[in-house]
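Dropping the structures in below, format is structure tokens.
Each of the two complexes below includes chain A, the first together with chain B, the second together with chain C.
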Partner chain A sequence: MNTEVYKLGEELDSFNYQEVQDGILAILEKGNNVLLDMTACNYVSSTGLRVLLYSKKVAASKGLNFSLKGVSAEVQDIMSVTGFDGFFDYA
Partner chain B sequence: MHRVDIFPTHEYQGLKLRTGRPYPFGATVFGNAVNFSVYSRYATSCTLVLFHNREEEPFLEIPFFPEFRLGNVFSMMVFDLDYENIEYGYRMDGPFQPEEGHRFDKSKILLDPYAKLIAGRDVWGKHPNWDSLYQYRARVVFDDFDWENDLPLETPVNDLIVYEMHVRNFTCGQAAGVKHPGTFAGIVEKIPYLKELGVNCVELMPIHEFDEFENSRISPVDGRQLYNLWGYSNVGFFAPKAAYASSGRFGMQVDELKNLVKRLHANGIEVILDVVFNHTAEGNEQGPYISYRGIDNKTYYMLTPEGYYFNFSGCGNTLNCNNPNVRDMIVESLRYWVSDYHIDGFRFDLAAILGRDQNGNPMSNPPLLESLAHDPILGKTKLIAEAWDAGGLYQVGSFPSWGRWAEWNGKFRDSMRRFLKGDEQVLADVKERIIGSPDLYASQKRGIKASVNFITAHDGFTLMDLVSYNNKHNEANGEDNRDGENHNNSWNCGWEGECDDAGINRLRHQQIKNAITLLMVSQGIPMVLSGDEMGNSQQGNNNAYCQDNEIAWLDWNNLEKNADILRYFKQMIQFRRQHKVLRHDEHLSHTDYRNLGYPDFSWHGVKAWQPWAGYNNLTLAFMLNGQYADNDDFIYVAMNMHWEMHGFELPQLPDGLAWHIFANTGMETPEDIFELGKEPVIENQHEVLVGPRSIIVLVGKG
Partner chain C sequence: MPTCAFVTAWIGGGRKSLASRISLWVVLSVVLILSITALIGNYYVVKSIKLEESVKANGILYIVGQRIDASLVTVEIAVRNHIGDIVENIDNPEALYHITQRMLEDNPGIVGSAIAFRPYFFPDKGQWFAPYSYREGLTIHTKQLGGPDYDYHTMDWYQTTDTMRNGYWSEPYFDEGGGEMAMTTYSFPLLDTGGNTIAVVTADILLDDFSKLLEVKYYENAYACLLSRNGTFISHPMKELVLRESIFSVTDSTKYPELKDLAQDFAEGRSGMRKWTSPRYGESYIFFVPLQHTGWSMAIVCKASELFKGVRKAGLFLTALFLIMLVLLTYLLRRGVHRLIAPLTTFTQAVDQVAQGNLQAELPVIHSQDEMQQLHHSFSIMQQSLAQQMEELKQVNEAKGRIEGELKVAREIQLSMLPKAYQPSDHSNLDIYGQLCAAKEVGGDFYDFFIRDEKLFFCIGDVSGKGVPAALVMTTTLSQFRNVATYEDDLQKIIKSINKTACADNETVMFVTFFMGVLDLRTEQLRYVNAGHNKPFFICDGITELPAKPNLPLGVDENAPYIVRECTMQAGTMLFLYTDGLTEARNTQRKQFGIERVISQLKNGVDSKNQIDKMTQAVQKFVGDAAQSDDLTMLGIKVKNQ
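Our next item is the complex of A and B:
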């Protein structure tokens, strides 16, 4: 199984979630794992958190991996206090 | 299959609309539309006002078309909203006739009474724009939190050990050592501490959105800003307080609170919410328009015949709880907190108000209380009443319960405090409290589980202050020490306030241990005030509702300073959890109805089996027979609140069992309490000496 890297921009929120979600799903559709590179990302909104968790669940339903890398301290903190952090593997 | 009713039928200034669904009230996402629905019996028209987040001016106001009204409900669907970036409110038009109860004012923008996410006060203590037209701003909530397999824990009521706490007070103190002080996330960081302490339920003081600036002022005594810290003043009944979430500034308070509940549950700790359905933050005739007053004043508030606000709450207005529509709102709010937040129970502030009719008269079978007692979703939810109100209705022991409601037992607090300080007039009452207050609850067959026992709560002295002050010291509240309870039944042990006298301090610690012992060995649901386990002081302030500073914040340095108190609390809590015989759910018979050789419960005095043998009504002992509780041990407790030492003759145990000592508050740590299972056998099996103002707990086992 191949792993494709998907790079996030500075923010993941309701303004760009559709594009990101479509991009991730397209990789999963091909049967590839996704490594989400969040190095540049400094904010994830409620919508963004749901994009992450939805992607993880779609990947799991296909037997694929969806993992995160380069999670900034700010984003890690948001994910932690809202309880989203525990769902993910971190590369 | 695709739905055929998700197509817009109307358009207004570029936004696509259709007739909404009247139910549920509030803002609900349906596919790519948001359904807005609001009830008002007397409004003549309604407008939906839409803002981009945090913007002062709305970007659009959409009138509800006549065909969008059904009965007294305005509802419409708005398509393709970027709802993460939308705040919404309503304008209501209708009569302004205060003498008739109507206060409509279409110049006001009003919060949805069913708002599930409220922005605008996202950071504690940060002043909003006071001139803003719309200050508490409703948002559309994400309700898809992933609970995995979590559900309310349904811990048997009689097994609960409740820890009453405040989100800010718990972790705002510098020494708390958490990353997110004063927030839900801060509590998560302290879960290991709660677990180690041994409590299995936290009761959170109000966490619904409220205004910390209500009656805010500068203290004339020390110049500090005073807030509404406690939060007994609701803005919304469906939304958590944003400023209690470290992520509130991002609008993520819903997820943060849900995460707290989920994490507490994973550690075996239930969550009870202190809910305030007796009044709102809108105050009296001079108060602000936030929501209810402008949406439908006559429906939401109890009004005098002249149209003024009744004030049974002492806070300016009284929610019209037994109006059928307000009743529905309360029931829906509670269902929502249980189904969406997995809340385990509720403590109802000034609950006696919930039993008053629309004219303020107490009812014998209040429909709201009956609805809650029989509600299907709340079927296993703990319901606890503060069974009095500020209008003089006192219902401890008589709160309408349908077998479902427990009560804060204020008589337990009063009797035990008096006993602790050596009052000779209270023994008969103390005996009732120890056995689960059958005088209050047995005749209605409500059982021991109806009694929530406590000696201290947020309202009043902390336990350390109870043994350190004869009088309240509320000067810092800026009301010349007039506020707060005057009858505290406290005793300072010989000096008013903190002191260096080793003897006095030793006695204070001993009295604290006596108090927690009385609480933990009494039948009923014990409730501990957060911080008492570390000897937290409020410097004699018994009404610290406005002290958002080190007066009310827990000082975690006390963990070290009062390590003996903490150790004693932990052991005593474990003792209760270990011994089922301390946690009966039905009242005791005081007879040996199963012919086991000993009654289930027996009173003793300084002579075994002779409860009348004692000194000045200050000595008392009892024995619990563990055979009546799944073959638990025997437990014997000797209480001596006299200032002299007394010998207590011990009842003889069945063959093969011996008395072991678990606790003796008259001893210095670590001999004051022993580890479970390592209680030393006592040499003299016929008599124990109980020191002045001391309690001894023995375990009878093989």
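Our next item is the complex of A and C:
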């Protein structure tokens, strides 16, 4: 199984969540693992969190991996505020 | 070309319709084609007319020539007929005078006749003996012609006849002393058995008679002339030319070089036709033939326009006819084309009507099986599909409008589910105020509070995502909170129950950040549980975040553990709850309002409504003209000091 990297921009929110979600789902649809590169990202809204959550769920249902990489301190804060600490896999 | 201008003006008629342009095109094409045809036709007509006229002229010349020849032959026959008489009376010289006299009596055309004997044929008559009769008016005189002063043996007519031993017509000459009459003489030799000339018998005729024959009646502008073997004019309308000039002298001396070739033709006895710019008629044609008996030539000079008078008349007639036909053609074309393309005009009207929204516009009825029929077919298909699409669009718009309207109602219902301010009469010290600033779309924020058994149950939540799915999840979560909290005091159980509902069939992973608390109004004890929601603030002497472990939001994991905490909330302390719509409100530079600005707006000692209004103003000022993208919800709870 191949792992494909998906690079996030500065933000993941209601303005671009659909595009990101479609991009990640397209990789999973090919049967590849997804490694979400969040190095550039410094903000994830609740809508953005839903994308991550949904991606993880879809990946799990296909027996694939969905993992994060380069999670910034700001995003980590958001994660902990919303209780998503330790919910996602980190590569 | 004035005709074209006229036609253009007439069929153009100002506005250039398709019919006019087609008509103009056809008419101009017809004009062009017919003009070319006329030019070619004219060339061949002129050619054949020339041929015809030349045949006609030759006919005239032939007839006139025949008449001239006939009168000449008459003279020749008359002369020969008298040869017998002369031979019979050859021994009686005096009787010969009578013979010459009878010659004149029997032949009115002969003006003089002589029997000129060779020298000393009658020894007693001497060197010259020539009995001669001639006319003077109606009288016939007779005399002896020869003598020392009229030595005829040396004359041309005598010598030529003697040499040739045959009949001979002399070159025309003026009768000396006979009134300047132009004459010609036929001479015939009388031979002995040895073939020697005994005498030359002559007959004189006036050339004037030929002039009458030459008066050409067939043309108005034409004249005929007669030329001798030498080219001398024997007969010509210009009398001064007769016998004084020849065609050679004319061509040599004047400006008619064209006549040189003609003179050559005459000299060689040819017949034919030549073009000549005559001083009398201008452009002319000369038709000419030689005369058999005399070797003379005869010619008719005819004005060119005279020859082509018929052609020109016919041409004028045809041109007039052509113009009339052209006008008729234009008229018929205009009518015809108008008729043919009339459906187009109706189509245009129908299209206009369609453009104005009348999709049921009547199409013209087409009977012909041509492009118009195809156009009709295509057009009606277009009309039908347009009508169908418009109908679909209308339905979609109606549905959309209905959905929008219904969504608006749903939104209102949703908002009306939320309690606004709560001031129960038996809890006058309780200050509680909530506010939800909804984004444009149906959103997922909510809050709630109610008092049961001297306990204030409250919650605030935010469903991730927007739209109808978020609204449905919000409603479900809110209802579940109300239902369960009505009878259940255990927060752990309440939240587990709500989470279970939120997780059920949650394929799209709509999760809810949720904060719930119960404040015992008697003991000031506050118990609360946080499911991934923003931590509320405690505002008293200082501002602190309520310590709360951020559990997972609702709807993520059915079996997620939720930890309930508790603390004391003293009178005068305000609990300020909010959703991320506050901290994440953005201005036009896409900067977030942020937690620091929130904290800076929090003040001790104000009531809930004032605090929330103040916060609202600060956010609005920060956001400016930027569109609100998310619901913004705030809830303030305070137990006032007694």
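Here is the rule we use: the second predicted complex is superposed on the first by the 91 of 91 C-alpha atoms of A that agree within 3 Å, B and C clash if a C-alpha of one lies under 4 Å from a C-alpha of the other, contacts with A are read in each partner's own complex, and residues count from 1 in each chain.
Methods note: a residue touches a chain if its C-beta (ideal position, glycine included) is under 8 Å from a C-beta of that chain, and two chains touch if they have at least 3 such contacts.
A quick note: this is a predicted structure, and the numbers were derived from the prediction, not measured.
Novice: Taking the superposition on A as described, I'd like to know which of chain B and chain C A:Thr39 touches: first, second, both or neither.
Specialist: neither
Novice: Once chain A of both complexes is superposed, is A:Thr82 in touch with chain B (first), chain C (second), both, or neither?
Specialist: It touches chain B and chain C both.
Novice: Looking at the overlay, what does A:Thr3 touch: chain B (first), chain C (second), both, or neither?
Specialist: A:Thr3 sits against neither chain B nor chain C.
Novice: Examine A:Leu49 and indicate which partner it touches, taking first as chain B and second as chain C; both and neither are also allowed.
Specialist: Both: A:Leu49 reaches chain B and chain C.
Novice: Of the partners chain B and chain C, which touch A:Ser14 in the superposed model: first, second, both, neither?
Specialist: So A:Ser14 meets both chain B and chain C here.
Novice: Can you give me the overlap between the chain B contact set and the chain C contact set on chain A?
Specialist: Dual-contact residues (chain A): 13-15, 45-47, 49-50, 53, 80-84, 87.
Novice: Residue numbers of chain A touching chain B in their complex, please.
Specialist: Listed in rising order, the residues are 13-15, 45-47, 49-50, 53, 77-78, 80-84, 87.
Novice: Quick check on the complex: what are the chain C residues that touch chain A?
Specialist: Chain C residues touching chain A: 462, 464-466, 508-511, 513, 530-535, 549-553, 556, 580, 584, 592, 629-630.
Novice: Give the list of chain A residues in touch with chain C in this complex.
Specialist: Answer in residue numbers: 13-15, 43, 45-47, 49-50, 53-54, 57, 80-85, 87.
Novice: Could you please specify the touching residues of chain B with respect to chain A in the complex?
Specialist: Going by the criterion above, the answer is residues 82-85, 142, 144-146, 180, 183-185, 188, 245-247, 250-252, 255-256, 258-259, 262-263.
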